[in-house]
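First the structure, in the form of structure tokens, and then the observations on it.
A, B, C and D are the chain letters, set down in written order, and residue numbers restart from 1 in every chain.
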Amino acid sequence: MNTTTTNTARLLITCEDKAGIVQAVSSFLYHQGANITALDQYATEAQGGRYFMRVEFEIEHLQTKKDGLVETFQANVAGRYDMQWRLACVSDLKKVGILVSRVDHALLELLWRHARGLLPCEITHVVSNHDTLKVAVEQFGIPFTVVAVNKDNKVEAEAEIHKIMQGNDLLVLARYMQILSADFVEKWPMQVINIHHSFLPAFVGANPYKQAYEKGVKLIGATAHYVTADLDQGPIIEQDVERVSHEYSVEQLRELGQDVERNVLARAVRSHLEDRIIVDGHKTVVF
Amino acid sequence: MNTTTTNTARLLITCEDKAGIVQAVSSFLYHQGANITALDQYATEAQGGRYFMRVEFEIEHLQTKKDGLVETFQANVAGRYDMQWRLACVSDLKKVGILVSRVDHALLELLWRHARGLLPCEITHVVSNHDTLKVAVEQFGIPFTVVAVNKDNKVEAEAEIHKIMQGNDLLVLARYMQILSADFVEKWPMQVINIHHSFLPAFVGANPYKQAYEKGVKLIGATAHYVTADLDQGPIIEQDVERVSHEYSVEQLRELGQDVERNVLARAVRSHLEDRIIVDGHKTVVF
Amino acid sequence: MNTTTTNTARLLITCEDKAGIVQAVSSFLYHQGANITALDQYATEAQGGRYFMRVEFEIEHLQTKKDGLVETFQANVAGRYDMQWRLACVSDLKKVGILVSRVDHALLELLWRHARGLLPCEITHVVSNHDTLKVAVEQFGIPFTVVAVNKDNKVEAEAEIHKIMQGNDLLVLARYMQILSADFVEKWPMQVINIHHSFLPAFVGANPYKQAYEKGVKLIGATAHYVTADLDQGPIIEQDVERVSHEYSVEQLRELGQDVERNVLARAVRSHLEDRIIVDGHKTVVF
Amino acid sequence: MNTTTTNTARLLITCEDKAGIVQAVSSFLYHQGANITALDQYATEAQGGRYFMRVEFEIEHLQTKKDGLVETFQANVAGRYDMQWRLACVSDLKKVGILVSRVDHALLELLWRHARGLLPCEITHVVSNHDTLKVAVEQFGIPFTVVAVNKDNKVEAEAEIHKIMQGNDLLVLARYMQILSADFVEKWPMQVINIHHSFLPAFVGANPYKQAYEKGVKLIGATAHYVTADLDQGPIIEQDVERVSHEYSVEQLRELGQDVERNVLARAVRSHLEDRIIVDGHKTVVF
């Protein structure tokens, strides 16, 4: 909820919980001439648990000072607390590649929000295993490439996708109906976001709306999560549901579900782009 | 959403979908002098699918006409369409027994709503495997009996519960932490409602809030369902969720979840008492 | 929630509540050879109150039988009960014109849902008082006309809009920032749907997000309603809200609010197109 | 979402937004030997805007150090930034008095949550202008006093209530149907929380469910707010809504609305008790 400028940066920190961390970080920033504009922290409950922090700050001449800040922070603060951390400058727009198959709702929601200035990133490329959405994507001025996938060329296809997507900070699976191999996923650790069309962990696997219909659930949902080698088991970023009744056919569940999917995915991608997410083992901290 | 009086009754009908059912039922009621005050119907999609109907109507001198209505409807309408059906008079209050263990929130919500006139039933008895809630229940003027259960006396304990609960139309498991045997459940077909403290089918089994915490879900929920011999797999009546974040401990998930549980259970019980539920295989139609 | 075909029609009925209406309507349809696929009814509570009914039915050769159905229903049923009623054939797609100013989210949601087959209508024309959205609209293959409005030409501008929109069944104000005159509105009774960017009746008038910010509300909303001569006071069709906090600036309230607006408007338009709405004085019955 | 102990305290700070505040506060606490367990801050957008902060911290021997902390913080930090601030020790349970009329749902929800340990306070007294709820309150072991109010004795009645409630930190109006005078309210600034049975600012004044029914809204809500001399206009703390339809009578709106009211009020009171609320002019910051 913060305004951002060319001089705005964010620190994301994970370490063991100890006394004095807030003081150390805020003193450091103060003495560098920075003004803290947002600060969130969270500690797991156990004494000596893990500690997570997100600080947004403004500092004059950020771009010229950036390298120095990184070096000094490591030397003076991060080393002392054994922090895992990173600095992100708001004006360094993240590069995003999108993978999609034939269904367009999740993709179009992202392109539409991006066109309206609501997703702070550069969308560099859309890759699909079908050419169905070529015109729709190119109307937004975004390159579209078909990489066909079948059971014989999976390795080559993934190699090609990996090559095309080089240089991106994030891949978004906007209803991409191929399962990425563990090899591929390991090259993009916590850099691939998927939208799963169910309220995970319910209805893992194929055709969740059919599963939901047969189970007779009264709510359907969608889950955005980071992709790991465990199918549908990566850290959950965002979830939402809508109320349904016995009257909904599988097709109607799907139609309503797509509205949930596109909103959940857009919110998850935005949280990633705003550096709000820290992964904590199998879970996420979303500030 | 209908007003009810001593002359109000409800017809619940299941049969194969055929043309003319609405006409047949409404003509029958019209010629009996009844006035339809609510009518809901639903047909599964396939041609020749199943058809479900709930009609609420008012008729003068219902109590004296009731037996005649039943006989005539079977002869003139239900037989022709091979209907499964039942007639319920609103003034014949259903009798409800409650089973509970030590946690009171779901039980108290039911007793409190009942005391305020929001659950149209007679609560006849509360049985628990602990004496913890004896005073709380007796303050409402409702008999409370402890039937202790351990691994050696399960058969006898269930026999005792079955005996105490004879004459009830519905049993409600308001966080009763014992698993009822298939034998017991079969004696109360679609007459036992349970509240499960998760959004089923996610987190079946024990300690769902711990499972939810470890999975890092962003919503927690509760599910009210009829109890069948398949643990946590009976037809779902009602579900709801609340938003949570990484900040919630297991204890805080449980606390928030209890608010969801008590509301979901109360709504499910009320739907049952108002004859709004027809079971359709593994699913429910809730009008 | 019903399947629809070329032989599907809907009857919408309003009359005084009397015994026998369901029987009369369903008997009529049965004897015409129709099969009722959905039936909803509602009566205001007072005895002798108003009665509302929506029946969806299938009948062979609907198009050739239509005129006869209308005549016979009026003679045999509607006259007897002094019904206001209409028959709508699902295959007679409604024609929809859209008015918009410069903000695109509500318009694009409608065009996008229409393109995906989720709004059963023909969108005939988009008229705007600015040319901002010309390209966006024409990409969908829909004619776009600018009718500039200023304080001196309001009468002429409305006359031109009225002329362009002739033949449409519905006008949708997708964030059209001009107030339509009472004269214009009277020519389109219950045929103009507006999206108001607040939870009416809170924050009528201009700049509701600024009003909401200054009031410090914890939820913001949107309201779709029919337009009448009373500004922001026409019958409400649909409303929804989203949770906000003190952290939201006016701009952020607006951004989140736009998501609510587009969904609420799309749902309201769809209800209209599916003949689900009957206006009851200052209120709506939405089946 | 934080664990609290006898050594946990909270600082609530309001001041003009300037660089270095986080650093100053966290350095102070660090050098006092405190460990920050939660920190929330918010600044209104304009440069030189208002700044709000809530810090929760643990410190050994809090009770003996408390007076020293207050003095040193004022001298070393608060004075420098011209802060309005207060320190609250978690173990100093707040004292709460409740005012109620005849309707019990909001009152019982508070008593029930308190009995279950979910409201960290001491409920000292319930005062009502009717004796209807005497037994219900006394069952919880809480003193209940009737102070009758009529148009002739309003001044005396308020004086008596003021006297009975002396020593409390908070008064809760749990559906108290008398309007408190400006004189009374001024003696309890931002210390009286009311539950209004509508989504303010819609439906101010009497009988909001009747107003909502006549307007035909599709959602009903409730609002908890601090009481000021302006009726129904004090700073909003919490709001929520539930979906309704044309089928709801005024009575059914009220029944559903009461579920919203009791949850909204309980959440607002809890936020106050946990020192999460800072009043900012006509609005609240709720951390």
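Keep this in mind: contacts are C-beta pairs under 8 Å (C-beta built on N, C-alpha and C of every residue); 3 or more make two chains touch, one makes a residue touch a chain.
If you want to know which protein each chain is, UniProt gives these names: A, B, C, D = Formyltetrahydrofolate deformylase.
This structure is a prediction, so every number in the text was calculated from the model and none was measured.
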Contact-graph separation of chain A and chain C, given in steps at minimum: 1
Far-end chain from chain A, centres as C-alpha averages: B
Geometric centre distance via CA averages, chain D-chain B, whole Å: 37
Distance from the mean Cα position of chain D to that of chain C, given in whole angstrom: 41
Shared-contact residues (touching 2 or more other chains) in chain D: 3, 45, 247, 249
Chain contact topology (line, ring, star, complete or other): complete
Chain C residues touching chain D - in the complex, by the definition given at the top: 42, 45, 199-203, 214-219, 221, 235-241, 245-247, 249, 280, 282-286
Interfacial residue positions of chain C with respect to chain A in the complex: 1, 104-105, 108, 112, 116, 118, 139, 247-249, 252, 255, 259, 263
Touching residues (chain side chain B, partner chain C) in the complex: 3, 19-20, 22-23, 26-27, 29-30, 34-41, 43, 45
